[in-house]
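One structure follows; several queries about it will come next.
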Amino acid sequence: MDFHYTAEEEAFREEVRAFIAEHNIPEDEHEDPDALEGWHQALIAKKWIGFSWPKEAGGGGGSLIEQFILKEEMSEARAPALGSDFMGLTWVGPALINHGTEEQKQRWLPDLLNCRSIWCTGYSEPDSGSDLASLKTRAVREGDEYIVTGQKIWTTLAHKAQWIFMLVRTESADRYGGITCVLIDMKSPGIEVNPIPNLVGDHSFNQVFFNEVRVPVANRLGDEGQGWRVVMGALANERTGISESTTMVQQLDRLKDLARRATRGGRPALEDPEVRRQIARFDCRISAMRLNGMRHLTHQLKGELPGTETSVNKWLRGPLEIEMHDLALGLLGPEAVEPGDWQRTSLVFHGTVIGGGSPNIQRNIIGERILGLPKD
Amino acid sequence: MNFGLTEEQELLHSEARKFLEEQSPLDEVRRTTSNPEGYCPKQWKTIAELGWTGLVIGEKYGGAGLGWIDLIVVLEETGRALFPSPLISTLIAGSTIADFASDAQKERWLPGLASGDEIGALALLDDASAPALGAAKPRATRDGDAFRVSGTRLHVIDAPNATSILIAFTDDTDALHLAYVPAATAGITVEPRETVDRTRRIGHVTLANLRVAPEDVLASGDDAQRVLESTLDRGAVATTAEILGAGTAIHAMTVQYAKDRVQFGSAIGRYQGVKHPLAEMYVDLESIRSLLYYAAWAIEEKPEDAPLAASRAKAFATEAFTDIGVGAIQLHGAVGYTEEYDVQLYLKRSKWARPAFGDEIHHLERVARLGGL
Amino acid sequence: MDFHYTAEEEAFREEVRAFIAEHNIPEDEHEDPDALEGWHQALIAKKWIGFSWPKEAGGGGGSLIEQFILKEEMSEARAPALGSDFMGLTWVGPALINHGTEEQKQRWLPDLLNCRSIWCTGYSEPDSGSDLASLKTRAVREGDEYIVTGQKIWTTLAHKAQWIFMLVRTESADRYGGITCVLIDMKSPGIEVNPIPNLVGDHSFNQVFFNEVRVPVANRLGDEGQGWRVVMGALANERTGISESTTMVQQLDRLKDLARRATRGGRPALEDPEVRRQIARFDCRISAMRLNGMRHLTHQLKGELPGTETSVNKWLRGPLEIEMHDLALGLLGPEAVEPGDWQRTSLVFHGTVIGGGSPNIQRNIIGERILGLPKD
Amino acid sequence: MNFGLTEEQELLHSEARKFLEEQSPLDEVRRTTSNPEGYCPKQWKTIAELGWTGLVIGEKYGGAGLGWIDLIVVLEETGRALFPSPLISTLIAGSTIADFASDAQKERWLPGLASGDEIGALALLDDASAPALGAAKPRATRDGDAFRVSGTRLHVIDAPNATSILIAFTDDTDALHLAYVPAATAGITVEPRETVDRTRRIGHVTLANLRVAPEDVLASGDDAQRVLESTLDRGAVATTAEILGAGTAIHAMTVQYAKDRVQFGSAIGRYQGVKHPLAEMYVDLESIRSLLYYAAWAIEEKPEDAPLAASRAKAFATEAFTDIGVGAIQLHGAVGYTEEYDVQLYLKRSKWARPAFGDEIHHLERVARLGGL
């Protein structure tokens, strides 16, 4: 066991810190396109967008430990995201690298790495939430084209994306084997995007309708029927939960600040042992998330298959979000009825939690794939 | 021994529900609450004609002359419907005046409160964790036989729409006084505040050298303490009734969703990971109902039990409703936190209900103290 | 809504109180046979054993409200049980009254009412816990006898009982319809009783083996195949949870006493708001149990079917027991490692909770029978 | 960066497990713990020969010269096996002396502790919620260059079998001192106490005018505070290691039961009401492992992190193990609380582990304080 870093790793960390010192932008400008443009250009110059991708694909070829250091420092500094296109970099790039033809890579990867495209991903459908493989959107081949008809839901950023990376059904009988991955131009005739505002009125989700949309067969990624494998493979380099734990630490710091100025039963909240214990419990659990992530990273470094370990941290996060918000709103007291930061996140954090798969799914994965209990 | 509703109460219950289902479905609620006043004066007039505003006011003052069980029966339904109106504040103002004010004060206020022409508000709370028993923050000086009162009360429910307000203040001898005054009096300012739960309106009430005449004073000294405590208990019980209705509604929506939503080949309600939380919510709602019924009964029939009973009900209901709100959203998955789907309106109500008339911290401490700790 | 009692009911309550004042015995003598003998004789004279049974069956013919008052006063006074034979009075008597022949009633009821018999009940089998209907002990008819072979488990008091009231399988194909109820003399050849001590070494459970035990057909209660109905019918007059809530109130009082003398983080425990809140939460939940029971009783008084309401209080009790013991052991601090009352019940209360059906079963009943969710 | 075990540590791990499975299965544990001394001297000798008692003692004193990660690897296994022995106390006594004592003291005590001839005990705690930092209750007066110490320590783990004891006391200037003394010294009495968890032995230690010579004193003043705090952290980390092993064992037994037990036509592990609690226990155990590994690493490699890391580990593990114990019994149903079934032995261990070296109340408060509150 050794938490020390090599001299090269320490040097890389210093390089990241220097970069942040020079280029980081304040949190309230994270939505400002001009500020972000400079940030992105600096990242592109470093090849830190697509840092984990191999150099021959135009990526940074960063080692696992370097990726970890980069992400850790960025979260600590509350820096903007590593690129403008989360979906594209998380799903589309790795899938193209693993399954794309040379032509496909040439066509899409450079824009991805240079922040010149925005992708959305089409997995969920109205009747298939946790149960992705029950998707029904169908693609029927006609010559050199697929005719795609169906609908996707919860499609983040579909109203801004140029492309959608999505799963369609090319054969109906086979649950997994009938699924194919296609990349579709969002300007194609027959696509209609309807916003789904969330409970505080923000628009990030959409419903996307496909009415006989014509998609060149050249836009198919992988073979017909390989879609499930293409998408699941992109998950191989899944999150360790370490940067999530950094976010949670920052949230805990805000909660401590709130506790320092709040009252509880007429006395300063910090004189209430229950408040202190609750915060301490959050601290322990966040620390566990971070260290679980480190053990997971160690397994990755040793070349062991990542498997299902991320479910552990995903499950830890849900109750943590709920309980931290519960305490925060309690500390706010009557002020909790007015709009504010904690009030807002107490309404929308469910999205974060559900976004990682419903809590029941995480527990099923642990129970069935790790503990070997029978499937329900 | 009969711990249930009478036939008349069952009838009132189903009529209230029917009325609200027809007159104030949730899309109507959404429309109404986007108006600045946050309620519909026409509907307010209608429920006043149905007798709701004067439920516990005697017939001689134009009220229905019913009791607190009838009151919670109606409030369960306004809670279920998230009916936006200043009903709770008006009812409690009327209830307190009917039980504790002088005949002259009853003459002055009860007919208007019963007819709905008066809209009440209760500017009593210091903060949610510690409702203002003991010395109230607004302070008064003597001005002949009147008082001059200055001070602020935050987050006063229904204040923006109120025509009259119950205030508490302490004089220079630290004696507590309660007074009921017209909202339009010089020296009263109401600053409306935005709320997470758009079906409720709140405001900060500032008293600046407000003149309170002797005939405005409802109670003073120990009497005022007793009336204030009882008024807050009534508020807690009324809020619990709305919690019960709202909690039952969000639970029913989630049960229905669990029956309809199919995943992995089964309705998700088949899975114990969905079924068991729904069962636990049901147990909580049944328990809220029992605690609430007893507290409402005690207000009229066994006042010495009312403080403990009210605090038990509000404490339990507050914690349970907070959990039910979050749990219901989670069980709905992504659809639960869209603007369009109604379940989120109830989640927002749970955020309002928690501090209203004392949060769980306040009421649990009171349960502990009244239980001999 | 009315919590007042009629003059007759108040008079009955006074009668019960006077009885208790005269006959009650201290808790530390509840196991003393001599002390109990006097108690039982006094109860028998009052017809308060079998108080709910009709007079023509030798019972007390007490009304529901009188039964409630009797039980309530007895629990408040921490009096011994209403009779020596809990199983017999709860299950066997009501089943005999509903389904027994005149001869069967004459044979067994008087002993039951006069504390001259002890019954045990044989439902659970090694492979059928929550799933009672999967029982396998079989009874094969030979002339005027059944030949019973199989085993029962968790048979409380089998080592002291003269009789067992049990379910056997007379037909294998039909899950419920093949079950028959028989009453067997525990001295019959072929019965073997093995003790199952619990985790603190107490002996109340047994395993009972039946090896070709001959049982006269006259000992069958109800018709062949009616066993399920016979047993479920005996549950019709189920507990409302009110006397359980009285027990919980007494336990809460003990917990308050412990809190008054304990320290927490170096200060008096009662100065710790968390301790006060936890106890207040228990108080609220116990109060809810009691009032839920009153609503249930009201339904019974109105002649509405009792149904599944008892599941609500059964579910409330389990977590309450767990959390109250958790707080108690925490308050005891290092003393919790030594034997003592709270320590003992912290080990054995699980029996109480599981005895009422596992917590999962209660939640299934509520979810399926009350909320109408699909069966698993 | 490597947050895992080395190959040597993995080997130690599997050898420890193999040894205990063979030499000390649970029926053997039940036999051993019914003896008055509560452990098997022959097995003690064997594990001493395996090097366990001297794991973190240098080779020059006859120890194995290994580190704290190796130590927790072994204690995870003794916890899993509920191995009854005074190993924890002996290891911590050795670890503290090795790290903080003078050379002469090391010469005096380490060979015996390494060889298992000495059995240690730590008579340090005031009560579980507040381990005795600051002024320790036993008080000392000066007697020439020696001390005379009187006072009592309750519930001292392994005291009935100890041959030497670490004690803490304050002198008449309120300075703290730590001393390591032979248990057979005149003035020390050990009163064995019954325990819920029969696999552990505890006793009350009374010091009556005990003479402590200068050469017995390990540390004084601020030094003593530091050594005492570190010793208690080591105790907390060692206990957490045994919690991890015991928790993993009871969890594995329950998972197996859930696979084997058939009800309503399915193995009960299929139902989410069983599957999900088992998944949550797994998450807790993984988290205990992570927190524990880091705390053990910090003791040697980053002592400034050790107090927070140790308290996080013990606080989290204590609460999780308490829940796992109760949950495992519940999931077993009736069989879980029979004497015969082994799962109850682990439930009893959870009752012991909770207060040992500070309960969750103590450690959570420490986490809060060290976290800036």
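Going in written order, the chains are labelled A, B, C and D, and every chain counts its residues from 1.
One rule holds for everything that comes next: contacts are C-beta pairs under 8 Å (C-beta built on N, C-alpha and C of every residue); 3 or more make two chains touch, one makes a residue touch a chain.
Keep in mind that what you see is a predicted model, and the values were worked out from it rather than measured.
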item	value
Identity of the chain that, by mean CA position, is farthest from chain B	D
Result of counting contacting C-beta pairs for A-D and C-D, higher pair	A-D
Length of the line joining the C-alpha centres of chain B and chain C, rounded to whole Å	41
Whole-Å separation of chain centres (CA-atom averages), chain A against chain C	53
Per-residue overlap in chain B, given as positions that touch at least 2 other chains	271-274, 276, 361, 365
Shared interface positions of chain A, touching two or more other chains	264-265, 273, 277, 360, 363-364, 376
Complex contacts: residues of chain B adjacent to chain A	125, 127-130, 154-155, 193-197, 200, 202, 261-264, 271, 273-274, 322, 326, 329-330, 333-334, 336-340, 344, 347-348, 351-352, 354-356, 359-362, 365
Touch list for chain C against partner chain B, complex	1-5, 9, 65, 68, 256, 259, 270, 273, 276-277, 279-281, 283-285, 287-289, 291-292, 294-295, 297-299, 301-302, 312, 315-316, 360, 362-364, 366-368, 370-376
In the complex with chain C, residue positions of chain B that touch it	1-6, 69, 255, 258-259, 266-267, 269-272, 274-276, 278-280, 282-283, 286-291, 293-294, 296-297, 301-302, 312, 315-316, 319, 361, 364-365, 367-368, 371-373
List of chain C residues in touch with chain D within their complex	124, 127-131, 134, 153-154, 196-201, 205, 263-266, 318, 322, 326, 329-330, 333-339, 343, 346-348, 350-351, 353-354, 358-360, 363-364, 376
Chain B-facing residues of chain D, complex	271-273, 276
